[in-house]
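Written below as structure tokens is the structure these notes are about.
We call the chains A, B, C and D, going by the order they appear; numbering starts again at 1 in every chain.
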Amino acid sequence: MLVVDAIKKHYAGVAALDGASIEVEPGESVGLVGPNGSGKSTLLNVASGFEQPDEGKVRLLGNDVTGKEPWDVAKLGLVRTFQHAHLPTKMSVMDLMLVGGQLARGETIRHSLFSWSRVRDEEAAATDKAWSILDRIKLDKLASHPGGNLSGGQQKLLSLGMALMGDPKILLLDEPTAGVNPSLRVQLAEHLRTLQAEGVTVLTVEHDMRFISDVCDRVYVLDRGRMIASCAPSELSDHPEVLEAYLGRSGSKAVASSAAKKENS
Amino acid sequence: MHLRRNRTRALGLAIPLVLALSMSACGSDSDGASTKKSALPAANSSLKGEIKIGAVLPLTGTNATIGKDQQRGIELAVAKINEGDGVLGKKLVVDIEDSQGTADAAIQAAKKLVSVGKVSAVIGEYSSGNSIPMQQYLQGQGVVGVNPGSSSIDLRSTGELQFSTIGLDDVAGKFTADALTEKGYKSIAILAPNNSYGTGIVDSVSAAFEANGGKVTTSGLYTEGQSDYRQELNRLKDSEPDAYVVTTYGKDGTVINKEIFELGLTDKPVFDIYMSQDVPDADPKSVEGRIGMDVNSTSADGQAYADLYEQTYGENFISSFNGYAYDAVTLLAEGIESAGSADSAAIAAALPEVSKTYAGVTGPVVLDADGQRSEQPYVIAEVKNGEIVPQ
Amino acid sequence: MTEVLIDTAVRGSIIALLAVGLTLVQGTLQFANIAHMEFATLGGYIAVALTGAGLGLLLSSVLGVVIVAVLAVVFYRLLFRRLLGSGTMIALIGSLALAIIIRAVLQLVFGSRPRYLPTPLERGMDFHGALITPSQIRLICIALALLATLAVVLKFTSLGRAIRAVAANPDLADVSGLNRKRVVDVVWMVSAGLAATSGILLSIDSAVGIELGFNLLLPVFAAAIVGGLGSTLGATIAAYALAFAESFVLQVDWGALAGGAYHLEVGYRPAVGFVLLVVMLAFRPQGLMGRTVRRG
Amino acid sequence: MVDYLLGVGILAAVYAINALSLNLQVGVTGLLNFGQVAFVGIGAYSVAILDSHGVHWAVGFAVGGIIAGVAGALVGRLGRTLSSDYWAIATLALAELVRLVALNQDGFTGGAQGLSAVAGLWTNLSGTARDTATFATIAALLVVTYVVARRVRNGQYGRVLVLIRENPDLAASLRHDVVSAKARVMALSAVMASVCGGFYAMYISFIGPSQLLPFATFLVFTMVVVGGLGNTTGAVVGALLITVLYDGTRFVRDWIDISADQAAGIRILVIGVVLLGFLLVRTQGLVPEKVRTAHARR
């Protein structure tokens, strides 16, 4: 399904990824964990086309997508979400859902000007679909609210809903539970399991180990740009490297955190 | 300013096309002038009805001082005419519109005069860049245009209804080229601003000088408003001519004159076209010994007119453009009188004929086949001890 | 060729002083201040006004630099902080508006004719076949001295390290216990002061006009971008390289390649920077020294 | 008086088209185009140059539209490698480049002198009738431009553009080709601006490099900001208000006794202060952008 092979990526001489690899099978739900600054976000960016690796390959459904534009990767069926949703305040929830849908005919200038009725029909079909997803994530009552005014947790949910509008084959979730309250977190975990049951492949970057063990079949551990473990979530504590990676450097967390921010910008 | 402007009445100080006078310099000019102002004479009460012509002048924008002076020339001419017999027994009215110093606004103003005021003739403007499109517009509307201030040779071809009461650059260019040849220069390098005035000067001087058997080693056009012109000046220097011919003004004149000195171009003769427009503003050291040409408009009528101007406005000429505007109005009035009607075509037909006998305040204004002033008095002068002295 | 080198040194110094300040502000606030160019114009006019009031040239110049530096902080606190709160785009439009306002005010006060500082007219000295005036030599020396001082301050002093820390990562500076606000104030003062110096030096060399700063906008921004965002060394190198390219392109007889004689119109000089910029972006989008310019 | 009002009306309509075009770029898509005047210039010069060679104006409009459209698309693609603020400077540079070419290539642009005697519209009419017909033409053109801008803004394409403005990464992750979307909206806006330029050259019968100064762009920016960034109606409202204000300040010398130089300074100052004031106090403009709420109800 998704193969990320021996990726190297440097920023100003500092290695963010140092030969990390990942392989996700169809229908799997895989977690990706690691301390701050270990390169998780960079890996996600490389996999989704937002950054080009210095070395290594990315394959998606048998296609080499290394260095492809993010929208081209997305068109193949890979949709990602972001750690911070940053949804616009000038667009309603429904509008955001619609913009997440399959590429609409009306997105060309010609069709926005001339193919009124066909565009309207498409839009109506997309709207129906949006309603069913909004019902499912329980945001239907907020459909006309500006997306940017929702709470952080609701924005995360909405981001997932927007991603689902395009019927993704594989979802890449970047810290889906960060800033989300416990009840929404439970909901989110349910949604992910349902999705997996429907055949959607999921790769989740997450700090919350309980969430990981709730939704993931398997988990990769990344540390300083290298993959140090791949196992079932329950086996994580058996790996000494993992423990060391998490606990051994907790003192320099502030530095690592800022490095991670820099990496994201 | 480095130098208090010293006006030499012998030099007409016509400053075609360019703003040579800073606002501050104008103020200091009027120091010695009488503060008594006399009102313009009232119109002859026997005049019945009106004959209306239009004028488009730069009343605002960078050339507003010139526009104001042109307006004065027009006022004086109108007062003189209406004090007498008017035009065709009617009172002459000149409707003045602002061009804002830009081409599009000048055309807008002309449009208004033609469509609302229904005028049959329009005087204007000052800058060639504005006068040319305006005259082309007027020609298209079948209205007579009289240019009292622009000197670009392109005005020659704006149409049979279009005239000029000021000599164009080909007249000035021929005079300059002959003067250069006479001084024995075999080759020259020319520098002029990159606008219609500058290109016109370069073309006409080059053509006339080459016709005299001379060689133009290089000709440069500089972009106005820069802080440095060494590139342009070095090109002039590298072409190694017998003499440099420059024409600059206001904004850039001082910088260019300074750099001419710094770069050692003053080792050879520097000939200045319309020298009164930049020499007074320059560092005296940088222009000492410079030669050049300027307009000379001393005539018997001219002196009386200058006195009238001073009496009316309480100061000397603030530019030399009022005279050409005065002549434009008076010539048009005589044309209408001679044509017997205010019909555009009739006026255009009459103008060349009346111009032959017309004695203008700026000297004779004989119009040639293209409707352009065919001769204009010029003078050669030299800078001695910081002052412009006729040779 | 000596002519080209002298031209490069003079113009490069002027551009470098402006580009370095621009890149410093860009580094700390992530925003390109278009009104930066007007600090140069302001400096020139303030020096003119002060000499007109009877002060000496040196004193007027120093005061001019100080006044502009203070004004810059005032502009930052009163305008830009608020504009930046509404987003970079708003701040960018706002800086354009401020630039227009400064020019309009200067035109109101000083008129549209250029003004001159009272410097003696000096004949250029022969330097290997080209002429250079004493004021140009002073200009080059002062500019190089200031650029060197800036480099030393940025590299070796605690203030310099603080500035670089803020530039490298605005969020981090708070963590490290730096007073970020003070650093930003200092950056504005330094960058505006350098710009004013540039404007005054140029005014001494030729004249100050309303368009002084705006005429330099393209080369200065080109140098800042080509040098790499936030990199003062890159901006300096790029400024001199750009000045050399400008001078060289104008000096070469392109017609000789085809047998004739053709020199590019001097009016095209500002275009050189733009072309250089496009070429740079095509081959090295991160600039000479800097981080990446590219954003997804 | 009628003619004066018609003149102001024509001017306002020309500016309104220009503002609609700029609003699509800046307001809707967040593309800070400081070189808008270049597109206007391309349209104006195309019509004027071809006219001087005796080519019908319709061909001039078509050629201008094509050149501007291609230029717009290329400029839009330049945004790929430039961050938004430097892209803005690059557009300013590009506009200056166009002006330099117009100024220095006098062979076909007429150089500093510009091109005059451009064939006008409605040459068979004259006087007020002609001005009325011209006004009607530009008003019709404005209505068409308004409808196009509004449909694009409010349709599915506009939805993508607003998302690109607010969060380009999110748009890209949802399979929207950000570069192409920007390039296409730049092309469309450039065509609008070039039509407006071509019309203006015909109306005024003249185009010269002095009309391509950056202040021309700045004036349109003020219109868009005052009207309300991102609001199509706002762009038209802003254009009307600023045209009247800017034209009105011409008379400032009738009220106070100042030199012409100073009057010119005041006119520019007024525009600058209005823009900065709106940015500081009422960033959203007079007619704020509405939240998109398509089909929000079942």
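Assume contacts are C-beta pairs under 8 Å (C-beta built on N, C-alpha and C of every residue); 3 or more make two chains touch, one makes a residue touch a chain.
Because the structure is a prediction, the values reported are computed rather than measured.
K.L.:
Taking each chain's centre as the average of its Cα atoms, which chain lies closest to the overall Cα centroid?
P.N.:
Smallest centre-to-centre distance to the global C-alpha mean: chain D.
K.L.:
Select, from A-D and B-C, the pair of chains that is joined by more C-beta pairs in contact.
P.N.:
A-D
K.L.:
Would you mind pulling out the distance in Å between where the CA atoms of chain B average out and where those of chain C do?
P.N.:
Whole-Å distance between the two chain centres: 40.
K.L.:
Counting only Cα atoms for the centres, state how far chain C is from chain D in Å.
P.N.:
30
K.L.:
How many angstrom lie between the CA centroids of chain A and chain B, rounded to a whole number?
P.N.:
About 73 Å separates the centre of chain A from that of chain B.
K.L.:
At which residue positions does chain D touch at least two other chains?
P.N.:
103-104, 169, 172, 259, 261, 264, in rising order.
K.L.:
Counting only residues that touch at least two other chains, what does the list for chain B look like?
P.N.:
Within chain B, the residues that touch at least two other chains are 23, 62, 194, 223.
K.L.:
Scan chain A for residues touching two or more other chains and write them down.
P.N.:
In chain A, residues 50, 70 touch at least two other chains, as defined above.
K.L.:
Okay, in this complex, where on chain B does chain C touch?
P.N.:
So the residues of chain B in touch with chain C come to 2, 22-24, 62, 194, 220-223, 225-228, 230-232, 234-235, 250-252, 254-255, 258-259, 261-264, 283, 285-286.
K.L.:
Where on chain D is chain B touching in the complex?
P.N.:
On the chain D side, the touching residues are 3-4, 7, 103-104, 106, 111-114, 116-117, 120, 126-128, 130-131, 204-206, 208, 210-211, 250, 253, 259-261, 263-264.
K.L.:
Over in the complex, which chain D residues touch chain A? Could you list them?
P.N.:
So the residues of chain D touching chain A come out as 148, 151-152, 155-160, 162-163, 165-167, 169-179, 181, 184, 188, 230, 289-298.
K.L.:
Given the complex with chain C, which residues does chain D contribute to the contact?
P.N.:
26, 30, 32, 34, 78, 80-86, 88-90, 92-94, 96-97, 100, 103-104, 168-169, 172, 214-215, 218, 221-222, 225, 259, 261-262, 264-266, 268-269, 271-273, 275-276, 279-280, 283
K.L.:
Would you mind writing out the residues of chain C in touch with chain B in their complex?
P.N.:
Against chain B, chain C makes touches at 3, 7, 11, 111-114, 116, 121-124, 131, 133, 202, 205-209, 211-212, 215, 247, 250, 263, 265-267, 269.
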